[in-house]
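Going in written order, the chains are labelled A, B, C, D, E, F, G and H, and every chain counts its residues from 1.
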Amino acid sequence: MLLQNSEKLVMIGDSITDCERKRPYGEGLFGGIGKGYVSLVDALIQSTYPERGIRIVNMGTSGDTVRDLEERWASDVEALKPDWLSIMIGINDVWRQFDQPTIQESHVYPEEYEATLRELVLRTKPQVKGIVLMTPFYIEPNKDDAMRRRMDEYGAIVKRVAEETGSMLVDTQAAFEPVLRDIYPATLAWDRVHPSAVGHMVLAKAFLKAVGYTYG
Amino acid sequence: MLLQNSEKLVMIGDSITDCERKRPYGEGLFGGIGKGYVSLVDALIQSTYPERGIRIVNMGTSGDTVRDLEERWASDVEALKPDWLSIMIGINDVWRQFDQPTIQESHVYPEEYEATLRELVLRTKPQVKGIVLMTPFYIEPNKDDAMRRRMDEYGAIVKRVAEETGSMLVDTQAAFEPVLRDIYPATLAWDRVHPSAVGHMVLAKAFLKAVGYTYG
Amino acid sequence: MLLQNSEKLVMIGDSITDCERKRPYGEGLFGGIGKGYVSLVDALIQSTYPERGIRIVNMGTSGDTVRDLEERWASDVEALKPDWLSIMIGINDVWRQFDQPTIQESHVYPEEYEATLRELVLRTKPQVKGIVLMTPFYIEPNKDDAMRRRMDEYGAIVKRVAEETGSMLVDTQAAFEPVLRDIYPATLAWDRVHPSAVGHMVLAKAFLKAVGYTYG
Amino acid sequence: MLLQNSEKLVMIGDSITDCERKRPYGEGLFGGIGKGYVSLVDALIQSTYPERGIRIVNMGTSGDTVRDLEERWASDVEALKPDWLSIMIGINDVWRQFDQPTIQESHVYPEEYEATLRELVLRTKPQVKGIVLMTPFYIEPNKDDAMRRRMDEYGAIVKRVAEETGSMLVDTQAAFEPVLRDIYPATLAWDRVHPSAVGHMVLAKAFLKAVGYTYG
Amino acid sequence: MLLQNSEKLVMIGDSITDCERKRPYGEGLFGGIGKGYVSLVDALIQSTYPERGIRIVNMGTSGDTVRDLEERWASDVEALKPDWLSIMIGINDVWRQFDQPTIQESHVYPEEYEATLRELVLRTKPQVKGIVLMTPFYIEPNKDDAMRRRMDEYGAIVKRVAEETGSMLVDTQAAFEPVLRDIYPATLAWDRVHPSAVGHMVLAKAFLKAVGYTYG
Amino acid sequence: MLLQNSEKLVMIGDSITDCERKRPYGEGLFGGIGKGYVSLVDALIQSTYPERGIRIVNMGTSGDTVRDLEERWASDVEALKPDWLSIMIGINDVWRQFDQPTIQESHVYPEEYEATLRELVLRTKPQVKGIVLMTPFYIEPNKDDAMRRRMDEYGAIVKRVAEETGSMLVDTQAAFEPVLRDIYPATLAWDRVHPSAVGHMVLAKAFLKAVGYTYG
Amino acid sequence: MLLQNSEKLVMIGDSITDCERKRPYGEGLFGGIGKGYVSLVDALIQSTYPERGIRIVNMGTSGDTVRDLEERWASDVEALKPDWLSIMIGINDVWRQFDQPTIQESHVYPEEYEATLRELVLRTKPQVKGIVLMTPFYIEPNKDDAMRRRMDEYGAIVKRVAEETGSMLVDTQAAFEPVLRDIYPATLAWDRVHPSAVGHMVLAKAFLKAVGYTYG
Amino acid sequence: MLLQNSEKLVMIGDSITDCERKRPYGEGLFGGIGKGYVSLVDALIQSTYPERGIRIVNMGTSGDTVRDLEERWASDVEALKPDWLSIMIGINDVWRQFDQPTIQESHVYPEEYEATLRELVLRTKPQVKGIVLMTPFYIEPNKDDAMRRRMDEYGAIVKRVAEETGSMLVDTQAAFEPVLRDIYPATLAWDRVHPSAVGHMVLAKAFLKAVGYTYG
């Protein structure tokens, strides 16, 4: 696995990442790391490699778009001096276009999304050993659904930015595909966005695969 | 409009009907009638026909299936001696098959659904002036979606029972169609089931049309 | 109906308007628009004209007088750049004269009321497509009641200002008249001021009539 | 004053009497007697006649009608073996006819009201030294108001029963008259029923006058 | 009675005065005046002289000593421009010497007490029609009790200041004397300081006597 | 010290004993033994004699009189099969006579108090190794105070019963004497009954002296 | 993996199993399965084998000993008709001997523990496809620690019962060994009993290994 | 005993000291001194020497390390001008190294610990009559346990600083030794750090011994 002794991984994102993490820093005793995929990533890594002393910090914030990430990038990413960084953002950038279509100032359209994400990755790249970009997702198997289609556009942007910047990529939407063949979305996420424990495990496994984790 | 002076309308159903109504009877001061389509039906009727003294009672209960309605039918419908009765049930009968597929004892399959609904309608018909059957619905425009397809099956059952028993029919799914052409489901219902205020207005209007209400 | 595609309507007022709206802006998911007539106006408009994408923002604040509106006009009206604006204010300006008569600094007398209201309307008129002035009201049918008489004076001021400034007028007191012929005030408002759901529907219908809404 | 050494006065009624009294008996430390006119009666009597050791018990229950009093008469009046008894009931008997007119089973009409009140007084008379009947009231000076008119009917019944049974009478409506000449109802009671501290003092004084209390 | 039409009385003090009054000003709807003797004074005055429109404001603050009063004198007395002023302070000045004897910075000794009280009275006298000084008290009949003896010293200071400055005096300790002959302190105040409703009535009556109130 | 290896001491009483103990049995983790003198007795004994494995159970109940103890004696004392038993009761028996003098059914007068206490002691004596009777107390140094005088009567009864039944005696009132020479009652107990931590320590020491405890 | 299509696994135990599961059955939406190792087992299984429709029910109850399991065995295990059953019990049986040593009725000693556990396994074996016995554990690496030594005795009993009854065995204590080489107990469990998320993952992995789960 | 008339003792530390003390100063009515060993020290001293008027102030703050003490030294120690000072710090300095090993900025290593503690003692020594240094402790009898070993290192530092600065020493770890021979750590502290009431008594006695307290 890529993460070595005493290295620090910061995982930033929106409510899927946040999951009741501690403030101002999402780590430490009594569930400081939150209750979502970040906690599962940590639990799988620590139980497999207890000797490495790897440090994982959850910096997700519910409701955030990439615009919000940019505002808190200095304090919430750079000041923490991570060795590794993961970013999963974009769901709210898209969702607001569909659940409150008339409130346009709450939307982040593709151009701004791509530019901001690229800028953050390029700015941070020289300071870390590696960046993992996780696509946003929508737990809806119908690719013709309007919001799914839109989310796929944002996913494609993430892939493009990952390729251009030499970042690792986690295609979370693809990770949900096989599960959605057998399980209806409502079982995995009551609103097609916020995953159940099973859904978070899908995310954690997808992330761990990208960083070369071996279960055991 | 069908409802005449001093007549009583009981509206029974699940959480879409319930909406924080008062217990044991959903009427009276300070929002006893709940905050959903039943309240809108009442507000539109009372503001248009204040002189009629029509009485509307909300007997919805969150989470109910038709199996639950049957259990409380004597106390929650018959004991109230309504002149008119509306029934909107079936969403949970279907939903449980999709959001907790392995817990089969929580599912109500079509055969039981149809038999129970028909039995309740036939048993009550002689005691009231009229029954309004409202189909269950799923705020998802894609007719190939597995749960939408299933809900349409239950909607077809309601139509069949309405026809056979001479009940009035409100096709709620059809009522949402035109709105869903322009508005994405997430705006109308965060989980595609529980409507926003706009969604409840769609339901109220569909019901009122069936009973011959004239806006003014 | 006057409101066209993508236009924004801001509705400002006191507790009758507020009804638990979200802060700082009364719109968005999960009842951000509040639970009163503004929500009903929105629900009736969106269900009838879903294709127009009209945006309605509730900026009511409980307890406000016209003096309070003036203080927050820049941030709560002008900064929102509405296309249309509705104002319903004056109930507290009058009520405080009757429920705490000795606390005179809490009263807003007719001269100040009229001057402030006119100033706000004239200042905003050039920036919007239209302004709707809604009279304050008192759900008391006895015109000789001291507070009703006073409220009618303020209603007359609103009518005068509407006429002078070319604003649309909604005579809410008149809208309640026919309902009060059959329903005692206590049914519509426990304190003769805060309407029940039926009372809010009366207000919503009166507003919608003024802007040319067609039910359907 | 009529009440002599170690005598016990039970005061029964509705929410005007109740005012957060202790259960099951409204007396004792830390406001057991409630916060309304009963507490004021007690405070005025105890401060003037501390040597008498008079015991006053508040047995009011919010929402009660005379029908409710009858149900709890054995446990809440007779079991307490009072020397003196006051009864103020009827406001809810009337109010429900006006604030929820369609829910007729919640109304107590004059015939039942009079019969029940008379029955309770006659049944209790032989066991006590005296009974004080307090009329229900409505803090509305307009005698043509529909609910005021109705309340006056019930007040007349109380007077008739008092006369027939040789009970003392407190005309609470008359007690409010002089105050209402100068103070608008909303200052005395936000809903024209539940008195402010000033309103409760009016009631206490009227009661005390009936039992021959001398201030000092 | 001394208080004339439209005059304002401010009553300042400690927790005996405060009694859950509203902030920042102790007046207005829904018990803004608190639940203690100030409310009783108001209720007795308003019910007797409703035509005078007298305004009473409760400015007590729990835990205050005369040192605290001085700090908030400008904002809490002078800014309110009262016509009449009552002051009851000193209980905490003394009590802290007995319940936390080692925390000396919380004690206000007689010299400071007298100097501060006199200064406040002299400074305010020219701005008002009259000042009522109410002695602090201790609901303990044993004059040899250490804290009662101390309280009496402070009471004597109040009397001296009242005489020197031409203020009206209310000897609250004396007012409790006759009641304490028949009632044990624990009935009037669980901690010998905070009065029950009866104790507050004793205070209200004593104050009202000083300002020439006639019951009726 | 009298208590030997693995012996069980049950301490029963009123709120002075109770102090938030666990239900139904006052022992076990996280403060099950309460926060008063029982906890101090336990802490002093366990820290001095950890090897004895002594078990102390707090069975105090707030508000209890000796009449209440009798009612729960079978379940709360006998069923626990204690080796040693302490009883401190009587404060409420007396207090109610002074804080709610007119509610006589809440008073327990000396005759009943003595008879009941003696009956309980005699009935339990054969089943235990020893009984400790603790007098009730009143933290008031003035022996002429009416309630102190009354409490002393009850203390004398306890002494008499102790002597007659061969029980150990703890004179709690005497234990407070030396402390009250230097500390005013209000420092030890805000209401002269419920002790501060210092007051509870006085009680614990007095008890421990009676059972031969040696500090160390 | 042993669990096949549509099979049901019931997992019973104490607080380590419970983890805020739903009542009366620990399954279903919104975390009904709790937040501990049972949820992790479910999430790993469902994400790997979504097509199997396996049903896992959490029947843990905080504080339980084997004595408590026996009491609820009929309703909480047998009535659910599981295909597979896991049992992890014994921590409280031991812990109470150490954290409340004098309260002996709360201890379950080895003889009772073994007899009860064997009886439950033998009674259930014929009704299920397989039983997994998980040893109790103590997150303390020092094998000479008194409680660890005692827990190991109970672990040995579980192993013996597993062997005798042909049950599968999960040695949870052994599963913690390698992790405890690098991580101090306080990181894994603040009280050496209740695991952090990492500790729960260790338990989940150990269970899954026993049933032949393949990660992927 | 060292503490003389009217002298003030400030006791500073972490959560073991804090125990819900009042803010900003841990003294005064209603448990201002907290519920831990400081309260026991105070209760034992005041009950034995009530005439001395000794003042004890609890300035513990949960979670504090010596680094935190330094930051608040001016306001929380020096500004209080104590005659005597006790310091018990170091548990969190050590614990964080074991319960969140990867969060290194939360650790205080020996060098910093010793330097800061010495600096604080030397700086304060000239201003007080005496300083009592209490070692940190860990309620774990196994001296080979990693955290116990580490805690002993810090204890040794405290001893060295005490000796060098002429401070009194309380070896709290030694004080727990005899108790731990008979009682398992879980009885004294659920997490081996936060003492039960018995554990706090051990601390209080150890402190009192150091200052020459004689029980009686």
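Keep in mind that, in the parts below, a contact is a pair of C-beta atoms (placed from the backbone, for glycine too) under 8 Å apart; a residue touches a chain by one contact, two chains touch by 3 or more.
Note that the coordinates shown come from a computational prediction; the quantities given were computed from them, not determined experimentally.
**Student:** How many links in the shortest chain of touching chains run from chain B to chain F?
**Tutor:** 2
**Student:** Mind checking the centre-to-centre distance between chain G and chain H? Centres are C-alpha means, answer in whole Å.
**Tutor:** The answer is 40 Å.
**Student:** Centre to centre, by mean C-alpha position, how many angstrom separate chain B and chain H?
**Tutor:** For chain B versus chain H, the centre distance works out to 66 Å.
**Student:** Taking the mean of the C-alpha atoms as each chain's centre, how many Å separate chain F from chain H?
**Tutor:** That gives a centre separation of 33 Å.
**Student:** With chain centres taken as the means of their Cα atoms, state the distance from chain C to chain E in Å.
**Tutor:** Computed value for the inter-centroid distance: 45 Å.
**Student:** So which stretches of chain D touch two or more other chains?
**Tutor:** Within chain D, the residues that touch at least two other chains are 29, 53, 99-101, 183, 190.
**Student:** Which pairs of chains touch one another in this structure?
**Tutor:** Result of the pairwise touch check is A-B, A-C, A-G, A-H, B-C, B-D, B-G, C-D, C-E, D-E, D-F, E-F, E-H, F-G, F-H, G-H.
**Student:** Which of the residues in chain F end up touching chain E in this complex?
**Tutor:** Chain F residues touching chain E: 95, 98-101, 142, 144-147, 183-184, 186-187, 190-192.
**Student:** Any idea which chain H residues touch chain A in the complex?
**Tutor:** These residues of chain H touch chain A: 99-103, 106.
**Student:** Can you list the residues on chain H that touch chain F in the complex?
**Tutor:** 29-31, 33, 35, 39-40, 42-44, 46-47, 50-51, 53, 178-179, 181-183, 190, 196-198, 200-202, 205, 215
**Student:** Spell out the part of chain C that touches chain A in their complex, as residue ranges.
**Tutor:** Touch residues, chain C against chain A: 6, 8, 27-29, 53-55.
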